[in-house]
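Okay, so here's the structure we're looking at.
Labels for the chains are A, B, C, D and E, by order of writing; each one numbers its residues from 1.
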């Protein structure tokens, strides 16, 4: 067995604070539990979205199919996070110690996965709110560009969370600028959606706007969290935050869009 | 090979009594068998619920789809319990000894999974019994709040089952208070369902009420069981209780709702 | 490397003779092959049953769906038997020796799985032969009770096959009494089915009766086989017997029922 | 690490020449690649056959469903061959050496799997060419009997390929006699199919006959190949031959039948 | 632990430069991330193509089904690349070192997989652009021949990338000649497609031509890349190039064809 290497070396090698912190049994189990529940929920809801798509007017069917794709892709990514978590810690006495053997934990898979899922999630919005074709394409692209830049700058920055935080903070700020740009683009889509909406359903895009801000806003909090300290509680709370955000921005968001479209399909006589 | 650590350390580190008890070969095999049969049954019945949903009136189709989601999510959780069980014990002479190597068994995955499945199971009830929309939402939320509080207080308490039982008992009582609150909310839904039911089918919600009490009531028994002693038989009986409860409250419950809805769909001329 | 423990200890610890017998390479490979072919066939025929159900009159669709559930559940159980077989033996020189490391082989998973699959297989019978509802329920339950008692007494007895055989034989006899009771109940269903059958199809329930006796009768033979000696050939022949029985009583039985129902659906104008 | 045992012992213990031959890195990688591509192709084409079956006249739908079953079952078997290949060799310096640890490679899984797939492949023929029912059953059985005898005698014989070849050759000849018998039965079906075929499609059964001879004939070549020497090239060429044969006799054969039936369904006004 | 063998031996044994290069933690994590995102995306889009095929005119349905087959087969291949990547490196201090234990990384699985996927991708083209049958077959075959020769010569050549580059370059040139031949054949299909296209959609084949050149052209760049040096950055950039190419030539290409066919189906009154 190989105990944790010296902090300075580790700071360069391990990427995430999970590999620097010794966990209690309860903390380790909570981490496993959070990741397990997350991948289970994502895989299970593939079924919901596939079955729902068959009940919508044809032009809207692609929206729950996109949710199913997001569920599958995020579920595979979360399953991988779970496996890596299990591999990364070893029980030594009554504690779970990282750096045993060759495996290290990484949150980078999450950022990689967002490169696929975030453009899909954003493109669902103008399709669901029936924005028509040339405008739809333009808006999808205009949202996806700041989104991808936000993710990649954040991905680069998060490797710095085990060091002196300047890398984490500088790239965090740059990423946030892209996030603000993204929010402006999303607001544009929401405004068009409100104009475009049947009067009985106009509250849906209005409320979705606040839902979007509240749930996407959880990710930067999780990003910044290591600055509060390298402790087991911070590690677990961050995984919890990531999971709440995942289930909110992908799964529940998809259910909201599907239920909106069930009503809209009915209103349009389908 | 590393033998079990001293009881005091273990009590803090292992969470569940499974990690403190040496099993005979028969006990170990029964534990594996119970978990294997459980995950197999849950996965296999996904097929039943998906196929059944296609035979119902459109407004009821979501109910078996929800059962399929519960099957998938619980099946993944039980597969994980099985794998952890296999990893947690090592054959030493003629006995299966825990604490070999790095893996410990945990029932906490079950509680984590309930956070997803229990709100779905409860929400199936007002949908199946055709309670109409604003009331449906209110009732689903009013049942889910005590349910989630019951689960999380129970999750916190069950980590105490290897210690002096005060943590187990105090949080068990708090959890039970939420359970009573939940039962009252469920009774409200059942009463509305009886009022709402076509006369030929009025016995279904009536009987489901007793079925609910009898099957959900198995979980607190499993929770309290370690107080009867840290023995291999208690370990196996508890896994058996959990599995009977799982198959009753999720799988058979889902079949009952589906068959009710097949009849109700027929009565409503579908 | 750890060689087999003394026979007396082993007899208490290992449950099944597979863990007491050294296999030749050919025997080991045949065992793997039998289990691999079995799980492959069960998984693959899920597709057959799901696709077939779509071609039947609605009231019969549940029958191939039940076969698909049985395929999935038994396939998972057989995959587990395969994995355990691979883990249980280690190549030492030119032989495969059990008891290396921590894994032991067990047939108990089979019995556990039957607890789920056998009631489903029996319930298929009155549904396929169009026995109407209150009678159908009564007959399904009256068959399932002796079936489950037969399985559980047999499960308890089979742990005795490595000892002095009295446990094996006493519980084998008790299990057989339940089997006889079950056969009488099944005969009742077959008689009702013959009465109930369109004249062109009356040979189907008649022949199924003999098919039932011939194929279900293979299981007690496999149960008793260890009394012929603890040899590699007996081990392989028993796995072969189990697999022939599995494919006959679940897969081919399901095909027979499905083809019967294809004709019956056509006769009933579907 | 344990180097290959002496040739005489190995000849009795290892079954297939793969376990006697040291591979270069290129040979090892080609073997992995061949098996990986094979299982990937078989699994992927399940989708093709399931989707195609929905486009055929009802009486022909079973034919692509049977292809899907064959794909699933053969894909699982080939995945197992791949895993066993990876486990069987260990990198020592610049070579891949067998017999390291406990795993040996075996081709016997292929023969086991044919016991399921070959009768299905043969039964597809009279169904696809619309031979009517009592004759269909008779012909399916008359083809399956020599086929299964051919497979099992070949399975027994192939265990002799590491010894003095008399076992390989004697059982190879016996197996070939059954193959000739099988070919005669298949010719009977083809002749009936030609008589039975709409004139525009009569070339399909005619050409399929030559396709059948050319592709099924690859298997005995692979069987006999070890007589050319125990070298890495022979090992790789044999896996390649097996894979070409698998993709030809199952996957492409299934595509041919499906495309024939698409046309036949159209001609029959579906 | 076994450190990298001497460069000369390694050059013959390891096939790809990945096995000669020590990675930083960031490089190793980026490699894992790229492969994980790739297989996740391919698997997830199976759902998209299966659901889309149901919305097209019957004659075009096969096109997204072919994309689904490509997704499944490539996803399995990429999952295998991911697993091999994880197995091939071991954390030593703060670096990931190859050649630890027995596993080596290989890109050859990619080339093997193309043997299946490339002919499917090429055959999609004339089907999607409604080229009628005898011509369609001729063109599919005329494209597939140079394609397969290109792949196999490239596969042979890429084993030379760890040596003195003459093997890499000679076979790279030969492969490129086949690529040019292939491009000429594809241009023929595109020209026929333009002639054949409804006027409103004529830009689709025109643009697809440039898309084809730009995306397929990424593969030879990845092939040649090791000549720029054996460094961790080159290793990561190559995996990134391969993944961008995979997602472009298979996934996005499939989406483009599907969306074209949705419009063409609508124009043809479906």
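By our rule, contacts are C-beta pairs under 8 Å (C-beta built on N, C-alpha and C of every residue); 3 or more make two chains touch, one makes a residue touch a chain.
Just so you know, these numbers come straight off a predicted model, no measurement behind them.
For the self-contact between chain C and chain D, the two sides draw on mostly distinct residue numbers; the shared fraction is below half.
Centres computed as Cα averages put chain A at a distance of 45 Å from chain C. Per-chain Cα centroids separate chain A from chain E by 28 Å. Listed for chain B are no residues, as none touches two or more other chains.
Chain contacts here close into one cycle, and each chain has exactly two touching partners. The assembly's chains link up in one ring whose order, counted from chain A toward chain E, is A, E, D, C, B. Within the complex formed with chain D, the chain E residues making contact are 5, 9-10, 12-15, 46, 50, 53, 58, 61, 65-66, 68-70, 72-73, 76-77, 80, 101-104, 106, 108-109, 111-113, 115-116, 159.
Touching chain C in their complex are the following residues of chain B: 24-26, 29-30, 32-34, 36-37, 39-41, 43-45, 47-48, 51-52, 55, 89-91, 93-95, 100.
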